[in-house]
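So, here's a batch of structures to check.
Each of the two complexes below includes chain A, the first together with chain B, the second together with chain C.
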Partner chain A sequence: MHSFLRAYPTESKLLAVLLILCAGLSAASPDFLTLVNFTSLLNNNAVNVIWAVGLLVVLIAGGIDISFAVAASVVQYLCVYAFAAIGGGNWAIGFLFAGGFGLALGLINAFLIHQFRIISIVVTISTFNAFFGLLMFFSSGRFLYNLPSWWSQRVILWEYQTANGTWAEVILPVAVMAVCMAATWVLIRRTTTGRQLYAFGDNPEGARRAGIPIGLMQAIAFGWCGMMAGIAGLMQSHITKEVVPNALVGRELEVLAAVVLGGARLGGGRGSVLGCFLGVLLVAVTQNGLNLLGVSPYAFKMVVGIIILLAISTSNLDPAKWFGKGGKA
Partner chain B sequence: MTAVATAADALRFSGIAKIFGGVKALDDVSFTVGAGEVHCLAGENGCGKSTLIKIITGVYQPEPGARMEIFGQDYTQISPTQARKAGIAVIWQDLALFAEMTVAENIAFETMLGNRPRGVSYARLRSVAVAALARLDVDLDLDARLGTLPIAQRQIVAIARALVSDARLIFMDEPTASLTQSETDALLSVVRTLSARGVAVVFVSHRLAEVLDISSRVTVLRDGKVVGVFPTEGMTQSHLTELMTGTSFAHDVMARDPSGPDVLRVEGLTRAGEYDDISFTLREGEVLGLTGLIGAGRTELCHTLFGMTRADRGRITLNGQHLHFRSNRDAVAQGIAYVSEDRLALGLIQLQSIADNTVLSVLRQITGAGGLLSAQKKEATVSHWISELSVKIGKPADAVSTLSGGNQQRVVLAKWLATAPKVLLLDCPTVGVDVGARAGIFRIVRALAEKGLAILLVSDEVPEVYMNADRVLHMAAGRIIAEWDPRQTGLSEMEAAVYA
Partner chain C sequence: MTDLYRRLSTAFGPEVPGLLGFLALVLVVFGLFAPNFLTGANFGSIAFQLPELGLLTLAMMMPIISGGFNLAIIYTANMAGLTLAFVLNQYGGVDAGLWPFILGTVLAIGVGALSGAVMGAVIAYIGAHPILVSLAMMIFLRGLGEFLTKGGDISGFPPWMATLGHGTVWGIPVPLILFLLCAVLWHILLNRTRHGFSVRMIGSNIRTAGYSGLHTKRTLILIYTLSGVMCAIAGILMLSRFNSVRVGHGEALLLVTVLACFLGGVDPFGGFGRVLPVVIALVVLQVLSSGLNLLGANQHLSTAVWGLFLVGVMILRWGAARLSERKKRS
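Entry: the complex of A and B
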């Protein structure tokens, strides 16, 4: 326990805040602490978590990606046409295509960043606009409803009828989320490549001198982020049963905020999968709570903004500094 | 400690030359390090030290005709990878460590390299780190995040990391630059341990005292040539300085009795946790030395005198007038100037031009019509100070980062002298400045004092204040514990008191 607190200070703090928030909401609203509410929270946030763990890898490597949500929309369109072209497809092909298209879009970012030595925020703002512009131009803003049935039919993994007759259910995206989290955790914690990503984000010059291939690091980070974005896009359409070109634009900032809330550092070198999950969940629970308490939805964003500001500004305060050890040379 | 060169030399280089754009950076240099020897590479900035290290580590290729032998094996060409494989490691000043990773991961980082992904075993990382630290006889918390460690311990981590990659010859570039005396002692003892276990260490340092203390031989470079290789036994600091600069410097005490009135009077100044009950007076035209170990509270005191922090108790009087600073803007307005110890980060804006840096403190005074900056006034101010302090520059429009340490320090001085101060606080003005350039800076300091400026000279190098100050205050643990007159108290006595 002590070692967990020490190794994951942000995550521990976040978990504590989340538990307090949950306790408060349980007391305030009878609808909060219910199986139905919890499963729907998970279902509704699976896509954000998948994006978040992808973005996490980029942040760890010292970059930032603004384009992934739009990339997910692009992947959705490409998938609709690709599935039509091959005569339907199935889930296996679906994941392969969505992940593959996403990976390709991510590698475009990595290539531009590495080849022309442009900082990632500039590159991904550009590709954000380019992807979105191309998508709107070629789709003419049309919605697509002709999804293959395997894609649009709700896959329920587990369901349970509660005492008052309502159904609690867990749908496919939640399982996919769990797999993406596990895979990202293995990548960043359990492989040498992952540790090199941390090192590269932490001290690029030091990493270079140690002989870490910089181009490869960028490709892995942005490729992974793109792949996760593609998979998230596939899951998003599975939930909404349609493809809307401008449905996802804007979500990137929401996810970015949640990941940073979860302890990832914009300077690189820090961040964890658990933190991502808790970050997304904290934002989601807050919104959910405000909703249950009957607060105007217009206030949501404001409250979320304040929470993030508080979290970020308190994370730079070190309680150890308040006691003892005054000015040192 | 002294494993003098034997048949099995770690490194035997000769005939090394390197030409950059027609300029000979290195000219027929020979460099030999015995196995397990602690060797020092001494010389002023620009003498070719770093070029030589870069050739040895394979970063640069020498001109044809070089003979290079590492641990008995001949090389016609060395790449960085070859140098590493041969057992050569460099610990650069910035250490190239990873602040967010744990100590164990930093030490065992080598085991995580390679393009093919492999699984990471944290147990193995730990055992590798433990083994490396055991070789240094040092105990560190393996799970601590590196960023939370003081610089001195990070240095140990960097050394341990070099050992993990089987280094048998470690170059250390200015390893003690930011260490306190006790940390330096700890580092030197680690170096001795290394040497005793057969790892050769090449020390590159400006601090001559510790060079003489730790190494058995010293190779002196000047203008790209080897002046000679000398045993450190019997070598004195002043002789080594002469060898490095090629000129002999007066090591005379400059102290005299300034006759001017008191300018700055400090009485009972106290700030909790930083300094305690500080009282002294500073006269017109006086150079008052303030020495003590790093952490004694010298810089903190300067910060208060310059209005950056506020004292809890006590008073500061300037020319008979009570001072109450709300910020350092007030201090500047009252005629106090502060040259900070961290020139690179705080004293200069590295990317801006020499001219812009010089006028930064006096922007209000160089405005012309409509309150806009006047190019003419700016030029006049800049050229006045450049000639006054004889700063060697290309053009005033060049970035200040293109200047040498000594010249950068002069630009900092110019910036503050332009404010026409009455009191100048000089906080370690020679950090990172060559021996030769130091003399130039102290000549300026002395000349300024002759013109009536009251100067507080802070330095952790006792010889500096001994030679250049009229009076010396000794600060320890936040208090002034002694006052010396260099004409009566000898250098060795002062050093013994300060470094005790």
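Entry: the complex of A and C
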């Protein structure tokens, strides 16, 4: 317990806040602590979590990516045309294509950042504008509904009829989310590359002198983020059964807020998969709770903004000190 | 020629000659290929479109020079516009006189300043990252605005307000005059005052600035307050240009303002940046967009070209830096 608080100060604080929030909401609304609500929370936030773990790797490596949500839209369009060209496809091909296109878009960012030594926020704001502008230009803002049936058909992995007759179900994106989280965790915690990413994010020049190939680090970080963005795009269309060019633009900043809330540092070298998940969940639970309490949907964003502001404002408190002789965490 | 180049770069900063070169190139290319490009009407429309983006870019610029960010600019502008709109509607809407307008303007600027001051205080006293703080403020203000307006438009303003958005004085568009005044003010603030010096020092190294005796916390609050005030001015201008206020007006401009700052040579890490090159960068972007428009492309293609243009400029700067390094070595 103590060592967890020491090692993950932000995560444990976030977890505490989340638990208090959940306890309060369970007391205030009978619909909160139900299986149906819990599974729908997971279903609705799987896409955000997939993006979040992708972005996490970039933040750990000391970069920032603004372009991933737009890249996901681009991947969706490319996928629709690619699947039409090869005459259908299936889930395996779908993941391969979506991940591949995403990876390619991420590598464009990595190439520009590494080759020309441009700071990542400049590059990704440029590619954000370039991707979005080109997508809107070539798609003329058209929606696509002609998705292959395997793509748009709901895949229910687990379902359960509760006592009052409503169904609790877990759909495919949740499983994909779990796989993406696990894969990212393995990458950053269990491989040498992961340790190098942290080192590179913490001190790029030091990492370079220690012999870490920095070009490869950028490629892995942005490639991973792009790949996750592509997969999240595939999942998003799977849920909505359509491809809309401007549906995802603007989501990048909300995901960024959630990831940073989860303890990743802008500037590199810190962050965890658990924190990402909790960050996304905190925002989601807040909105969900407001909804159940009957608050006007127009007020949601306002409260979410206040919650994030409060969360940052309390982030200088150190919970490790409250338990025994903490010292500096 | 090289002499002229050197004189220009020492007088106005190293970015100016390059950007002027780009501007000339863009003007020549579109002048040759786009019909009606080199006409008064076209430049008139550029002059009317530039100020909105320009004022918002100025609002973004000061935080970036201080090593921060203000992602809340669009919604601060919207909220300020809403404030003015509420006051005008309280005092008769279409029939409102000058005094309600003045009262509304003062309150709108107050709202902008307040939202900026809150951000500045959180950044200064809690030490949270500006991107995160302004992001939270952006989400909050958007929510507040949507809550107050239920996502709808507010219109019905006195007709004489159109002068502010569409009028001309001696042939010069009023919005352009407003923008130029603000740009000059910003230039003086950043280059000639103690505050401007503090801003740049904080952007270079906030800890050193603090140890050197600068009141970094007060300066940070002032930076975001001033940024909020500039947003409010942009919001008032947007209100009179569209003759309505809606939360989300100008949303797409958020990242374009950052793009314009970087194009104008503001250092993404903070510490360096001048108003003049940013203004020229804005003109280049607007000319690009109107030229593409005349060639039959839509706004989205211009957005893409803006993005590619920034990458191109950054690559050229990288090349130039390498060339000069090689010269120094040999």
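Just so it is clear, the second predicted complex is superposed on the first by the 316 of 329 C-alpha atoms of A that agree within 3 Å, B and C clash if a C-alpha of one lies under 4 Å from a C-alpha of the other, contacts with A are read in each partner's own complex, and residues count from 1 in each chain.
Here, a residue touches a chain if its C-beta (ideal position, glycine included) is under 8 Å from a C-beta of that chain, and two chains touch if they have at least 3 such contacts.
Note that the structure is a prediction, hence the values are computed from the model and not measured.
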Which superposed partner A:I119 touches (first chain B, second chain C, both, neither): second
Which of chain B and chain C A:I212 touches, first, second, both or neither: first
Broader residue contact with chain A after superposition on the shared chain, chain B or chain C: C
Chain B versus chain C as contact partner of A:L309, first or second or both or neither: second
Which superposed partner A:F132 touches (first chain B, second chain C, both, neither): second
Partner chain(s) touched by A:G269 [first = chain B, second = chain C, both, neither]: first
Touched partner set for A:P30, first chain B, second chain C, both or neither: neither
Partner chain in contact with A:G294 - chain B first, chain C second, else both or neither: neither
Set intersection of chain A contacts, chain C complex versus chain B complex: 265
Chain C - residues contacting chain A, complex: 71, 122, 126-129, 131-133, 135-144, 146-147, 150-151, 251, 255-256, 258-259, 262, 268-269, 297-298, 300-308, 310-311, 314-315, 318
Chain C contact footprint on chain A (complex, rising order): 64, 66, 112, 116-119, 121-123, 125-137, 250, 253-254, 256-257, 260-261, 265-267, 296, 298-306, 308-309, 312-313, 315-316
Interface residues, chain A side, partner chain B - complex: 3, 6-7, 189-196, 198-199, 201-203, 205-207, 209-213, 216, 265, 269-270, 326-329
Footprint of chain A on chain B - complex, ascending: 81, 92, 94-101, 105, 109-110, 112-115, 117-120, 143, 271-274, 294-300
